[in-house]
Structures are given as C-alpha cells and as structure tokens.
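What follows is a set of structures for review.
Two complexes, one shared chain (chain A), two partners (chain B, chain C).
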Partner chain A sequence: MFDYNFHWRPVMKSLPDLLEAGLTTIQIAVLSMVFGVIIGLALALMRMNMRGPATWFASTWIEVARNTPALFQLFFFGFGLGAIGVHLSPHTIVLAALSFNCAGYLAENFRGGFQAIPETQIRAARSLGMTAWQAYTRIIIPQVFRIVYHPLTNQMVWAVLMSSLGMLVGFRELSGETQALASRTYRIFEYFAVTAIIYYVIVKLILGASRLLATRLFRY
Partner chain B sequence: MIEIRGLEKYFGTLQVLKGIDLTVPKGEVLSIVGASGSGKSTLLYCINALEEIQAGSVSVDGTDVHAKSTDINALRQKLGMVFQQWNSFPHLTALENVALSPRIVKGKTKAEARDIAATRLEHVGLGDKLNVYPNALSGGQQQRLAIARALAMEPEYMLFDEATSALDPELVGEVLDTMRLLAEEGMTMICVTHEMSFARDVSDRVAFFHQGVIEEINTPDKIFGAPKSEHLQKFLANVR
Partner chain C sequence: MEPTISFFSGLQISDIWYLIEAAWRTVMISALAISIGTVLGVIFGWILYEGRWAAALTLGPFLDVFRSVPLIIQLVLFYNFAPIIGLNLDPFFSGVVILAIYCASLVANVARGGMEAVSKSMRRAARSLGMSYWQDLRYVVLPIGGRAVFPSWVGVALGVMKDSALVSVLGYIELLKASQILITRTQEPLLILTIAGAFYFALSYPISRYAASIEKRWAS
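Take a look at the complex of A and B:
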C-alpha cells in the first residue's frame, strides 16, 4: 500500500547548497522590499498629492500590481520583455517583478497610513517654522511608518514566499535550487520537505526580528 | 505689531472673512470671542499663512505675510501658535517635542536645544515629564506641552486657537493659568477663546466676531459691561 522509501541522505548532503540558496532568497526579498518601500512611498504621495499623468501613472501601477497574479507580473518582466528584445538576467527579472508587486501593495498601505495622520499635525509642524520637507520627514513619515510597520512585516514575509516563483524563470533561489537538485536525484518529496522547513525558519526569523525591532523603535 | 487691512477669505464660494481691519501692537493681549463659524480661527490661520487669503493684507513687523517673496518659515518663527487639538507629536517625548524645531529650524546644537526645551517645559510646569511620551500626558499637560513647544522658538507673538475648548473642564484651569503667566510676562497674544472670564480678566482688548466681521472691539469693561451691538448682547446673554 505505501511502498515509498524515504532517502534523506541526498538532501542532507546538499543542505549547504540549500542554505546558501536560502540566503539568495533572503537577499532578493530584502532588496525588493527596499525598492518596494521607496517606490511605494513615492506612488502613495503621487496618488494623493498630484494631478494628471502622475496620479494616473501611480494608480495604474497600484491597480496592476494588486489585481493581477504575481506570476503574470514575473512572466511580463521575463518572457514579455524578452519577446520585444529586452533580455534581463533571471536575478533582475525576479527583483523587478517582486519590487513592482511590493511597491503596489505598499503604496496602498502607505496611503492608509498617511490618511490616518490628522492634517493638523502638518499645520502644527509648519507653524513652528518647519519646511514642508521637514514636516514630512520628521513628523509625518515616522508616524506613518509605525502605522504601516506590521503590514510592512507581512509584505516582507510575502516577498520571501513569492520569490519562490523565481524558479519559473530559471532563478536559483531556494526553490529553484531545490528543483534543480531534486530532479537530479529524484528525491522530490524529501527535497521540498526540507526546503519547506527552511522557508518556515526564514519567515519565523523575520517575524522574530521584526518584533524585536518594534520594541526598540516604538517606545510610545 | 500685527496689522491686518481689508482681509477677505473664502472657502470656495463661502466668504468667511469679510474685510477685517485690526492692529495689534506689541505687548497687547487681544481676545477674540464670537459664535462658532464666525471666522475667528480662520483669522489666526491667515496671520501665520496656514491659510491663503483672497484680498487685503496681513503684515507682521512690517513684513507682508502673504507676499510671494516673504520667507514664511522664517516669519512663522515669530508667531507661536497653539491649537485646539494640542497636536503634540506622539512619536517624540515631551523634551523631543519641544527641542525638535529649535534644532532643525533654528540650527541649535543638540545640547542647546535640550536646554531650551528643559527650561520651557519647566516654565509651563512639566519639568518632571521631560522623557514622557504625549500619550502618557493628560489633555491639559499636552496643551501646556504645545505652549512650551511654541515658546521654544522664542516667538514675539502667540496665537491661541481655542486652546482650552477640547479639554475636560477640570483641566482648563491649568492651561489658562499658563496663558495668564505669559500675559503677565508681557507676551503679545491673540487668543480666540470661549472662556469669557479669561477674556475679561486678562485681555487688554476684546474683539467680538459676527459672521466674518469684527462687530465690536473695545476694552473688556466696555465689551462686557456696556455692549453696544445687539448681536454681542445676545451672545453674552447666551454664554453667561
């Protein structure tokens, strides 16, 4: 009835390779979050404060990023751009797609954050002689950051998990690496079981680090 | 000296200020009273250019507040403002709330800004709350924090926008006492207020606003003792 024999030796032997690929996963997730935060912030501000093409551009980005499958967005940067002659490396494709996706989601989080800050906070800051830039960077954004902190952590987790799509464009992050090694040894189940655990540990580490950071950052 | 000439302000098609003329000399404490929606607060916002104006002019010590060429951030340092909703910055301690603008606007060093902030907080009776975050302060304490924050910029004028209106009744006194203290020290103040006893006891002059115009302006004795305008008489009968 159940005649599958588990063989863990191959996967244990390639554990160093898997862990290294795990680092690649963390790296690509962190990078796309950095871009995602910067672009997302810009998109949110464009959507809220500007008119004409800038708002239109920001809205389109946010709508597409949030309302189409992440896989399709990845394929666009891979095969879509490839079809018109723009060939990016697998690393760049994944980074671009993840950043695009994160920026869209984060922009909406930021927008909600900005709207939660009473407008009178700006007035108070400006009445003290601060420039608009100072009021935003010293008063508004730190408060917004606290509001979006947990959504930001969620997005970071999501970026780690979503990066597994990278294997479909030939990127050797954790899933890509696992797929390559598994198909060489035919120990598919064992490999992906171990990889699932590695993903789990990575996510737990991120959540733990985020919680620790929160107690240091937000003392009010 | 603050000079306001023919000031008109619209929100869309609604005219909230219909030609205000007002001069506030150095050292004067002016209270502005009147019903809600009569334009009192809007006038304050026009004085430090938090609101744009549509006609007339506002000048502070001879500088046209609304002129394009005016460095408004520099000018605002002369004009401290205290808001109805306190507006303490929740992510900063009391000390940081007060020290921030001396440091980043006036370019004081960290140590200087800390000293200024500590002195100002002491002044308003919050000397023991330096490292407390605003959410651990009562409304009255937060409002005194806001006063200390405005004073840290060493303003020459203070604008109070219904500074006690959002406070629980038992907390009004401590804020009014702080304002009284400032008045005694010779600060030039324009106070939009619903506290008639404050207006009567502390101000040099009281202005009564009605539907976007100053309907009556005079000494507290005359305003409260012998009001001329019918609207003012009605208003006083209602608030008493």
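Take a look at the complex of A and C:
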C-alpha cells in the first residue's frame, strides 16, 4: 500500500538541533508570557479604572489582539513596521507579536478576576490603613492570581503553540528549525512528525508543572 | 532615453476585488470547517460524556493531541502525509479536514461541559415523564446545556475562523495570503495589512460582542 519509504535516520541525527530549538520555543513562550502578564495587568487596570485616552488605548489593544488572527499580528510586526522603517529581527518580531497577543487575552482574564472580587475588600483594606498600592498588591492581586491561574496556564500553552508561527517569518524556533532541516533533506513528513511529538511533550510538561505548582501554591 | 521599468505598481481597484474574493474564501473555508467540526465535536462530546473511562482512555487522548500540537504543524503533516497513503488532496480540502478536526477537538470539550451542566435530577425527571433517551437529549439537554455553553462555542468558532489564516501555509489563497501577494507586488504592507486586519476584525468583533451580551442576558 505504501509507495513511500520512511527515513527516520536524518531526523534522528538532527534530534539534538530540534531539542535545542525546542528550548528556544519554551524560552520565547515564557518571555512573551512575562511581558503579557505585565502588560495585560496594566491594560486591565487601565480599562477598568481610567477614563479617556487610557481606556480607549487599552480597549483598542485588547479588542485588536483578540479579534484578529495571531498570524496577522505577526505579519504586522514584521512587514508592517518594516514599511515605516522599523526593522526588527525575527526573534523580536515573534516576541513582540506574541506579547501583544498574550497581553490582550490575559487582560480580559484579569478583568474577570478583578470583577470577581468584591469592592468592599478594597475599602476594608483602605480603612485598615493600607495605601491603595498595598491594598492591590497584598489583598487583591493574590486573589486575582488564584482565579486566573488556570487561564494563565492555558495561555502559556497557547503561547507555545503560537510561537510555531515564527516559522513564517524565518525565526528558528522549533518549527522554523524543523522547516529549515526538512527542506535540506526533503523528509518533510518525518521531521514534522517528530516536531509534533516534541510540541506534545512540551505542552504536557507545562501542564504537569503547572499542576505541581498549583498544589504548592494553593495548599490552604 | 532609457525606458523605465517599474516592478511595483500601486494599489488598484481590481486589487480590492481580489482581496474581497480572498476574504470570501476565508469565510467559506471557516464556515465549512466550523460546521463539520461542530457536528463532529458534539458527537465526540457526547461519547466522552457517556463513554466514561473507555472514552477517556481512547478518544480523550486522541482529541488532546490536536489541542497540544500547533495547528500549522498539523496542517503541514497532514498535507504531506496524504500523498504517502495515496491521496491527492488540494490545499483547500486538506485545510478543511484539519481545521474541522481541530474544531471538533475543541467543541468536544465544550459539548461535554454543556451536558454536564444539565443536572442529573432534571434528566431523571425527563425520563420519568416517559421521554426516551433521545427525547431527553433533544428536548432537555440540548436547550439547557446548549445555552450554558453557547458563548464558549462562539469563542471556539471565532478561534477557528482566525486560525483559518494558517491554511495559507499550504498555498491556499485566503485573505492573509492574498494580502501577502499584494504586498509583494505593491510594496505597501501597512495599507494592505490594515485592510486585511480590518476585515477580520469586522467579522469577529460583532460576533464576539453578541456572544458576550447573550452570556450576560442568560446569566441574569
């Protein structure tokens, strides 16, 4: 039935390269999540608490990030900014696009988290003599974090999966590396099959680590 | 006098038409994939719900693979795997198959969640009134469970619509690919990308707002 001979040897030979590229994938996903959390938190607070341009800015960011394809965002940071003279390296393009996207999605998660916490808690914290900053960092954020922990894990998985788009702008993360290697040996199926397995393992590792962390963090 | 040859030409009316055609193809492939994926996904969700451990050990991990491997890798793998088993698929068909399965793997979880949202006692009540199993599913579970998860289904469908941009890797000329082709010719990335992005936004934003408003209405 098969007229095709599978050749796994070239793939196995370049397995170290693939695994190393896998590390790049994890690294870029983690970095974009860090940026995403920081920006997302800021966007959520801006959208909820401010008026005028700040709200407008935050809403635009969030809605554009959520309502356009990630690939479009990637192209925009790549070709779009290139047109106005801002030339970024593939690494920066992927990182910027992923952070942009993650921030938009996370902002909505954070907003849901903030809204789930009764406003009276802030007032209670303030009347105990805490400053607004203290009330937020010691009372509100820890609770919000617990609420968004699961969505945060999901977003981390999405970040890993989305980073595969880097292949289309010439970034050598796992997918880009695979494409480069596959086009050299022309064993496309074999290479991408192994890459799929690596992605699967990475995702499972993240989910496992997240579950482990959850039992430690939310013991009480 | 030397003749000047221009490699790039500006944006013309016919290009706008080209983009509209491509946008139509995006809508078509998404609608087809979402329809097939939703039907499959509901069936899978039902199997997961009723099948207990047998389904949890077989269908569950199978669907999980599609959620843990980047869509772009799935597309490339399938497109390159089909010829191996003697199928000659065009990019459109491959795209629909993979998008539909991907959609189904997401909808399956949503559908199962919907079935779990209907309380056991309600279903027992339906059965005691003399409804058959299928009547119970059709007249009790579908309206109640469907309402509970309709907003998340809209989220999944919009996600698939946005992810349909990835079928461009196989050479299918949908909106984003068409805009890329135009960019190569006109060298006006910012303008064309903005048009493409605006189209996705115009499609996705109203639907997501509609889903959000329904969620709010039904929640109260």
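In this text, the second predicted complex is superposed on the first by the 218 of 220 C-alpha atoms of A that agree within 3 Å, B and C clash if a C-alpha of one lies under 4 Å from a C-alpha of the other, contacts with A are read in each partner's own complex, and residues count from 1 in each chain.
The rule we apply is simple: a contact is a pair of C-beta atoms (placed from the backbone, for glycine too) under 8 Å apart; a residue touches a chain by one contact, two chains touch by 3 or more.
Quick caveat, the model's predicted, so the values are computed rather than measured.
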When chain B and chain C are modelled together on chain A, clash or fit: fit
First (chain B), second (chain C), both or neither touched by A:Val64: second
Touched partner set for A:Asn101, first chain B, second chain C, both or neither: neither
First (chain B), second (chain C), both or neither touched by A:Val203: second
Chain B versus chain C as contact partner of A:Arg123, first or second or both or neither: first
Touching partner for A:Ala83 - first (chain B), second (chain C), both, neither: second
Which superposed partner A:Asn109 touches (first chain B, second chain C, both, neither): neither
If touched residues of chain A are counted for chain B and for chain C, the larger one: C
CA minimum distance (chain B, chain C), superposed complexes, angstrom: 23
Chain A to chain B touching residues, read off their complex: 118, 120-121, 123-131, 134, 138-139, 142-143, 146, 218-220
Parts of chain C lying in touch with chain A, wherever the complex brings them together: 65, 68-74, 76-77, 80-81, 83-86, 158, 162-163, 165-166, 168-169, 176, 180, 183, 187-190, 193-194, 196-197, 200-201, 204-205, 208
Chain B residues touching chain A - in the complex, by the definition given at the top: 45, 48, 50, 73-74, 76-77, 79-81, 83, 85, 87, 89-91, 100-101, 104-106, 133-135, 146, 149-150, 153
List of chain A residues in touch with chain C within their complex: 1-4, 63-64, 66-72, 75-76, 79-80, 82-84, 157, 161-162, 164-165, 167-168, 175, 188-189, 192-193, 195-196, 199-200, 203-204
